[in-house]
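You will see two complexes here that share subunit A, one where it goes with subunit B and one where it goes with subunit C.
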Partner chain A sequence: MRQLLGFLIAAVILSAIGFMLGSYQTDVYRKVLLWVTLALSYNFLFGIAGQVAFSHFTFYGIGAYAIVILIFQVGLPLPLAVLAGLAVCVALALAVAIPATRLEGFYLALATLAFAQLFIVVLDEGGSVTGSAGGLANYRLPDVFGLKVSGPAYTSLIVLLMLATLAILWRLDRSYFGRACRAVRDDAQAAQAMGVNVAKTKIIAYTLTSALAGIAGMAYAFVDNTVNPPIFGLQNSFLLLFMVIVGGSGRHAGAIVGAVLLYLMPLVLSPLIGHHHALVFGVFMVAVVLFQPRGIIGLWDWLTAKRLRRSRAA
Partner chain B sequence: MNDFLELTIGALASGCIYALAALSYLLITRPTGIINFAVGEWSMLAAFGGFLLLSKAGLPYPVGIAMTLIAMFLVGWSTERFTVRPLVERGAPPLAPILALLGMLVVFRETVSLAIGPDPQPVPPAFGFGRLELGPLAGSYQSFFIIAVTLAVFAAVWFFFERTLAGKSFEAVAIDRRAAALMGINLRRTTAFAFAGSAVVAGLAGLLVAPNVSAHYLMGLPLAIQGFTALVIGGVGRVEGALLGGLILAFVEQLTVRYAPVPPGLAMGVPLVLLILFLLVRPTGLLRAREASS
Partner chain C sequence: MSAGPLLVCEGLGKRFGGLVAVDGIDLEVNSGEILGVIGPNGAGKSTTFNMIAGALAPSSGSVRFQGEVLNGLPAHAMAPRGIVRTFQHNKPFASMSVRENVMMGMHTRLAGSLWRVLAAAPGAAKAEREAAVRAEALVDLVGLGEWRDADVGTLSFGQGRLLEIARGLAAEPRLMLFDEPAAGLTPAECVCLSDLIREIARRGIAVLLIEHDMRFLMALADRVVVLNFGRKIAQGTPAQVQADAAVTAAYLGNLNDVNDVNDVSDVGKVASAGAVSHA
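Our next item is the complex of A and B:
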């Protein structure tokens, strides 16, 4: 009950912020929310289930392209298009997961990397369906049951999406499934011996998080009102990985902190030091792995533990 | 048929470049289990070394190449010393060095783009831009040079692993790290040399391919992807596998571009499909690694 109240208050505050922003700030705010959503689900896949997959951002792209193609080329109404887009994401995720999760460690990384690159090749060569290299543009979100959703209302929708993703993953993390995922990550053989169905756990974790990424992608499609291949390139897959690691992998709070920090860092730094921000980014990443492997959230834990000890001593 | 022969030298040359990139991964992966995604960036660094020393400073070709490769040796050695060794000694999870190297990829790339600029820069070939014809086989001087150098490198590496004590110690570390350490093999030195050697091989690939593609700060990623595709095809266990994988990849790529009825853009997907197929059907690659017992 207290949790539900917490989510409600967060929803009200985060949506209220959306009503106070100008157009540029709204754009940044929506993207921060979407990155947080993505980082949360990627954190579950990478940090909790332990799968080093580079395909997460690709499913964001698949979701975005799917909804645009389904509405404006197939001609489905919006609710049906959302369901059909979700079905596309789940089907593709299963097609990747069933064979790929059998692969160990780096081989999974390589297979998903190849899948991510293949997606870009298909987009570039998709002719009028995907709009080739130029992508698809000049479309608007259709009315939902006669209502025009735009401006702060659409921002609120993204807030709800982010909170729903957090709630789903939060519950899952504390369920049998979440514990099974952690067990498989730490030692697959031991987990198997304890009666966990390793293959099924891996496949469900991959498919579920990829579907969540796909839904976030559908929301993204109407933020910029354009989808094109460069947006969904490998660069952003790496960025997503860095966000989770810098924030603290395996922790929901870590994913949130990492996503906000790394998305805003270039925006804050580039007026000050120009293109050097990319270098700062790389150095930051290496430093975190070397000196603070549990991420910023680990630093926070350490500080609070220290304060607790001091207050006890006093 | 003539068509095919025309294509052969070019395909062999690009296959050799992929093979060198694959070898660069293999030299690190085999003894340490680490996949170094920054291999492509090492090639890029060496290509810019070639630009600075050969095109700008105008040094003679052998001198410029030698100086670049020595620099690459130091780059590889210090990468291991400052980003990998601290993690291994602390007992960090096996993923940590891979992530640190992924971060180094960004550091290498952005340093070059800031120091030299984002424009492509020329690197001269070894013997000018002429064309050589050997009976029905024809290709540029550089293609023949790439094939010769690659074969020499693979012969040397093969000799090192099969015939020298130091090479045998690498193989021993690859088969069983713990047992190797107990037999008195210095793990730290082996790992450091694995990285240094890998950087030299990657650098060579960058220097050889640069006359065709120009030195550019984004040239690393395609090379890195082709390299590990070749590695997966050939198998991560054997040096010959890298060469075989590189050549197979290049021929499949060139033959689809030439003969298959698909648009050239889609042909770019062929190596990716090949990679996925191999990972699913035969993740050990064509050549299997030696086991401890045999």
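Our next item is the complex of A and C:
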């Protein structure tokens, strides 16, 4: 009950913010929300289930392209296109996960990197279906059940999507399933001895989080109203990984902090120091990995523990 | 349930290419009984253990548990059937607390539909709470109550072994398999472990343990099976086995071989040959 109330309050506040922003700020705000959504699901896959996969941002792209193609090339109505787009994401995720989750660590990373590169090749070579290198543009979100959803209303939709993603992952994490995912990451053999079907657990974690990324991608398609291959390149896959690591891998709060910080950092720094913001980013990354491997949330834990000790001592 | 033994292995064998690691072993374990399996290094203890635990598929013979043939079932199919194992080198879930580790033992019982989890069905949350309470009782049973919320990384090696046992008991097994449980423990910890294993058997759980430490095993087991070169060479009560000539030969080498040796340097050769064949 208290949890539900918390989510409701967050939904109201975060949506209200959307009504107070200008058009540039709205754009930034929506993208922050989408990065947070992505980082949350990637945190489950990488931080909790321990799968070093580089395909997460690709599924964001698959969702975005799928919804645009299904509505404007195939001519499906919006609700059907959402379902069909989700089905595409799930099918592709299963196709990757069933062979790839047999691989561990480095090899899974390589296989999913190859998949991510393949996606870009398919987009570039997709002719009129994907719009090739130029991508697809000049489309608008169709009316949702007869309503025109745009401006702050669309921002609220993204807020709800982010919170729904958080709620799903939160519940999974605190269930037997989240524990099984962490057990598989910690020691697959011991997990097996406890009756955990390791392959199945990995496949479910991969498919579920990839599908969540796909849904976020569908929402993204109508933020910029254009999808093109460079957006879904490897650079953003790595940025996503950095967000989770900097924030504190394995923790929902960490993913949120990491996504907000790393997305806003260049926007704030580049007017001040131009392209040198990349240097600051690099130094910051190295510093976090070296000095605070548990991320910013680890630093927060350390500070609260220290404060607690001090108040006890006093 | 039939009145026969809980676990029956018949003609169990395992080949790795040309190497016959285990060659037609018969074993039985009854509820509440402690069966010890010993043998020199390379005797096939671990291979036998792994076949029963589902980590290795037998090349021949069968493993039957409560009448059901387990051959070829994956390792994760054992816990739901009531068979759990410990590992020689502790395998705790490093990111979890002691309590959570023990709750992992209840995975089979807690695992259900993910839809119920997502819908926050009240049953799922209640089961989790009950599991946490039950886990605490087991943590107390093995004497780790004080460390219940500690990270497993803070436990000593011996405490880690106890945690593995609590985690196994959480699965409510009918058969517990111990892989060299005394390895790496101090003498005091061994006594503590013996008491715990006896308590487990007293609760009606069948115990099968493979062990290197003769003194530990002989004082604990109801029956002992001795393996050498993949074959069963003796079985019986600890006293019977200790008196068995074949067992002495397997562990110390054949005395006749030693008598044939005249030269001092040859003694060394026989000793090292014995060590090699046992290794």
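We adopt the following convention: the second predicted complex is superposed on the first by the 314 of 314 C-alpha atoms of A that agree within 3 Å, B and C clash if a C-alpha of one lies under 4 Å from a C-alpha of the other, contacts with A are read in each partner's own complex, and residues count from 1 in each chain.
Just so we're on the same page, a contact is a pair of C-beta atoms (placed from the backbone, for glycine too) under 8 Å apart; a residue touches a chain by one contact, two chains touch by 3 or more.
Since this is a predicted model, take the numbers as computed values, not measurements.
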* To do: Please indicate which partner A:Q192 is in contact with in the superposed arrangement: first for subunit B, second for subunit C, both, or neither.
  => second
* Return first, second, both or neither, reflecting whether A:V159 touches subunit B, subunit C, both chains, or no partner chain. => neither
* **Partner chain(s) touched by A:I215 [first = subunit B, second = subunit C, both, neither]** => neither
* Does subunit A have more residues touched by subunit B or by subunit C? -> B
* To do: Return first, second, both or neither, reflecting whether A:A49 touches subunit B, subunit C, both chains, or no partner chain.
  => neither
* Which of subunit B and subunit C A:V68 touches, first, second, both or neither -> neither
* What is the contact status of A:A255 with respect to subunit B (first) and subunit C (second): first, second, both, or neither? -> neither
* If you stack the two complexes on chain A, which partner ends up touching A:A183: first (subunit B), second (subunit C), both, or neither? -> second
* Structure fact -> So, in the complex, the side of subunit A touching subunit B is made of residues 52, 99-100, 103, 105-107, 109-111, 113-115, 117-118, 121-122, 124-125, 234, 238, 241-242, 245, 275-276, 278-279, 281-283, 285-286, 289-290, 293
* Structure fact -> In the complex, the residues of subunit A that touch subunit C are 168, 171-172, 174-177, 179-180, 182-183, 185-187, 189-198, 204, 250
* Structure fact -> In their shared complex, subunit A is touched by residues of subunit B numbered 35, 83, 86-87, 92, 94-96, 98-100, 102-107, 109-111, 113-114, 221, 225, 228-229, 232, 263, 265-266, 268-269, 272-273, 275-276, 279-280, 283
* Structure fact -> Within the complex, subunit A is touched by subunit C residues 53, 55, 74-80, 84-85, 87, 91-96, 100, 103-105, 107-108, 110-112, 114, 117-118, 120, 124, 128, 167, 171
